[in-house]
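Same chain, two partners: chain A is paired with chain B first, then with chain C.
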Partner chain A sequence: MFEIFTNTNYLLGFFNNVAFLILLGLSLNIIMGYVGYLNLGHVGFWAIGSYTYTILLMQGHDFFVCLFAGAIAAAIAGLILGLPTLKLRSHYIGIASLGFTYIVHSLSLNLTDITRGPLGIPGIPRPTIFGISFQPNHMYFLLSWAVTIVSGIIIYRLLHSPWGKILETIREDQVAAKTLGKNIFLYKIQAFIISAFFAGIAAGIYSSFYQYIGGTNSFFIPQLLLLLTIVMLGGAGSFWGSVVGAVIVWIMYEGVRFLPIEAGLVGPVQQATYASVLVLIMIFRPRGIMGKNVKILQK
Partner chain B sequence: MLKVQNLHKQFGGVKAVNHCSFEVEEGSITGLIGPNGAGKTTTFDLISGLMKPTEGHIHIKGEDVTTWPAHKRARAGIGRTFQAIRIFPEMKAIDNIIVAFPKHPDKLRDVFTPTRKKREQLKVKAMKLLKDVGIADKAHLNAGDLSYGQKKLLEIARAVATGADFIMLDEPAAGINLTLLNQIRDYILKLNKEGKTFFIVEHNMQFIMDISDKVVVMDQGKEIAIGKPEEIQNNPRVIEAYLGKKKE
Partner chain C sequence: MLEILPQIIWFSLLASAIYALVAIGLSLIFGILEFINFAQGDFAMVGAYLFFGFVIEGGLPWWIGIAMVVIVAALMGVVIERITFKPVRKSPPFIPLVISIGVGALLQAIMIFKFGGSVKSYRTEGSKAEVYKLFGDTLSVTQSQITLMFVTAGLLLGLYLFLKYSKTGTAIRAVADNQDVAAILGVSINKTIGIIFAVGTALAAVAGVMIANEQNLSITMGLSLGVKAFAAVVLGGVGSLPGAIVGAFIIGFSENFIVGLTPIPSSYKDAIVFGLLIIMLFLYPNGLFGAKAEEEARA
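Let's turn to the complex of A and B:
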């Protein structure tokens, strides 16, 4: 049973998953942990980024062009979702953004000309950059971590800048932030766009890793709960929290494979595991492992 | 400094502020008193732009700011504190101050430009402000972990950090002991001497009568008396509003 740990491909797969989950967690944390808004639309950004990246890549465009295009498409979706909703209070944004996730999910199933609907898109290639093929797992591992680390550094810099401090004042008390002369609507829109942008980047490395996207169960509630668990377990409002959260959640997720249960039960038990962790975290330690007390998420 | 004309705010059938007019002179300390529910805090919210009036006009330094959003008014020099303290509890005390400085390089485009030097300067300025209100030793604690009185001092210091020259304090004396009250009074007087105008809501009569140059009295959303503290104390309408009417 434990020989799997010496199976390089298994380990590379494990860390590839962790890479894009860290980036999805970090990008969601910008909104949930720093601005302090409940955003249930992040999976929608992920989906939009994935389809944009995949479709362009399969038309033979350059990897970085596709990765960037997917991120821009997600960022535009962030703007479209953010503009009408960010004047609302957090709870209402939660509901509106959940609707957004549903709309994107529904479109991905029904725009069959573009997305192939429930069949999904198989055979997504892994890129070749400057003549180097990133097709093998160990090469793709390097690429996905390079993208995650560069993105992570940018996010870190953003969140720990004076700009990031203003996001925190919105989380702490947006009425007070207004009376300090901060145009908080502008900050919220900027944060939303940036958060969606990096979800789009993560979506690119996700798509070429699995080499398949779509299907009836993708980009919906299970994925949403997975991301929420990463952010809340690690701790909303903590950069390293999302990194730790992604690692732990994926260890739990993969750990279920080693339980003595029927193969058909593995999927449902995996989902039940992280969903239960989310419930327990919210009851017993809403700060997560190293996060902040995000008022709006707890009232 | 501040001119409120015919200000009116209606919530459904309730007239929270009812065609109210008064002025606050530059360089003064003006008190705003009145029984609970008189509309004092609503007036503050209307002036700072957190609410839009149903009718009427607000002028700051000669400019009509009635349609301006709150952040624009704050940049024009209106600072305030809140009756229920509104600090940033999960941020350090010093960061509560630093974010308030108008020179805080918090634009998105500032993120990838070097601002270290500027930030160091702001840190020094923030420490000085914390020292002024006597909580410099708490600078690196989370603001939420300060005592009630320290939070109040922090909130006042934050309003000062915005560079506002017109500062509105909503019940600065509520719930604090005499020593701290005197400290707050001295701080207000010091800032006033430096040229800042104050507009203060307060229920502590001794405090407000002692500190104010002028007092505005509100009852049921309307100003019922304006004058020097000693005039106000003997005004029959004010006595009636506070103590009720004598039975004939």
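Let's turn to the complex of A and C:
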């Protein structure tokens, strides 16, 4: 069974998954770790980005146009969700954003003219850029990592800029930030939009990697749990935490495949695995592996 | 239009009763532990599957089945509280909230192991429900619907009497009002919280049986139930049990009237309720009836 590790396609697939999960984790961490809100709507942004990207790409538009359009669509969704909810407390945002994920999921299943509903959209192409085809797995691996690394650098720069520092100040002491004359709501909504934007970018590379999106079980609770575990396991408020979290979560996910269990039970075992990890990490080490002791996790 | 009115009202009553049962558990836990239990809907899902196991697969009479569901669910609530929520009782609400998401996902995975992932139904092949026709055939009501309405009314009345007149009920209200003072006066906080989880989980489990009796059983059925129950709690004013019941009736009636009297397809029912929830959280974060929770909700 270990010959699979020398199988190049398996390894490329593994790291392709890790690439978009890192980006999804990093983008969710902007909200959860730096603003300090429980955002359960990230899967909704992911779905909106994926459908926008896919539908435009299938119409023959340029890869970068589609990637950007998906990200913009997700960012607009972030604005729409953020405007009414960002003045609420964290657990209210949690429930409102869970409702958002549910609405997006419900629309993706019911708007069959656009999304093909439960059938999903198969045959999503991989792009050709400047005459170079990114169809083969190793070429797509380069593309998805290039996108992830560039986005990661932008997120890193943002979080370590004065803007990111102000976000952290708001999280730790809202009154102090207000006293300094900062428009708290503006910073929060910007963070929400940026977070959703990069979820949309990740959604693009996700869609062309699997070359299929949709179905009754996609963009819903299993994915939500996956992202939540990545951020909380790695550590909310830590940039590298989300990277480490994504790698560990995907190792666990793939590891379950090697257990001697029926094929039909792989999905539930995976879900049980990261649900248990999430519960245990929250009980014993809520700051995660690399996280700082941020305010949302303190008394 | 008018001839379908009795039927819509009856469906609204049924839905309201179900939401009220889940919302009360949510409100009890929120009132004392101050976190939203995202697993509340999944408790209902577990109840529905337990009944399926006991009665449909196990062949027990339905009333023994219900009693078994109540007992098993209450025990499950206590055990879950002891293992997962008790260690983090002094933590900020963010942590038990994330844990409850993990617990819900874990329960889903366990139910898939036990019962499989396919959609199930209480209705067996060839069985015919007894249907009563009222108001000149405009209203059809099944025997089981009437039974379940009586069960719900009985449970709510029982809960009211329990909280109002029993010693334990008084202790629960004392703990909800002020934990420290209650502890000084010799109320066991651990025992009281355990009882609250037992009651809340059992009520949700009965609600799960009711909803499964009307629709089908699915692993993810708890999610929409949980979010609607939360909407009911917010509508009625957080922490108020009568408010939660009124909120449940508002949600139950509005969703059925929207679907019954407008051309919107019923598959959008949940999406509409969640959209309204987000708007409502924005406009009335303190619910329709109370101003007390204002500071609670706004950051």
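Observations on the model:
We take it that the second predicted complex is superposed on the first by the 294 of 299 C-alpha atoms of A that agree within 3 Å, B and C clash if a C-alpha of one lies under 4 Å from a C-alpha of the other, contacts with A are read in each partner's own complex, and residues count from 1 in each chain.
We adopt the following convention: a residue touches a chain if its C-beta (ideal position, glycine included) is under 8 Å from a C-beta of that chain, and two chains touch if they have at least 3 such contacts.
In this text, all values refer to a predicted model and were calculated from it rather than measured experimentally.
With both structures placed on the common chain, the touch criterion links A:Y102 to chain C but leaves chain B unconnected. By the touch criterion defined above, A:A196 reaches neither chain B nor chain C.
Contacts of A:L67 after superposition: neither chain B nor chain C is touched. In the superposition on chain A, A:A246 contacts neither chain B nor chain C.
Once chain A of one complex is fitted onto chain A of the other, the partner contacts of A:G237 are limited to chain B, with no touch recorded for chain C.
Put simply, more of the residues of chain A are touched by C, taking chain B and chain C as the two choices. The touching residues of chain A, when paired with chain C in their complex, are 38, 40, 81, 84-85, 87-92, 94-96, 98-100, 102-103, 106-107, 109-110, 174, 220-222, 224-225, 228, 232, 264-265, 267-269, 271-272, 274-276, 278-279, 282-283, 286, 296-299.
Chain C contributes residues 35-36, 38, 84, 87-88, 90-95, 97-99, 101-103, 105-106, 108-110, 112-113, 116-117, 220, 223-224, 227, 230, 234, 265, 267-268, 270-271, 274-275, 277-279, 281-282, 285, 296-299 to its touches with chain A in the complex.
Listed in rising order, the residues of chain A touching chain B in the complex are 157-158, 161-163, 165-166, 168-169, 171-173, 175-184, 190, 237, 292-293.
Residues of chain B that touch chain A in their complex: 48-50, 69-72, 74-75, 78-80, 82, 86-91, 95, 98-100, 102, 104-108, 110-112, 115, 119, 144, 158, 162.
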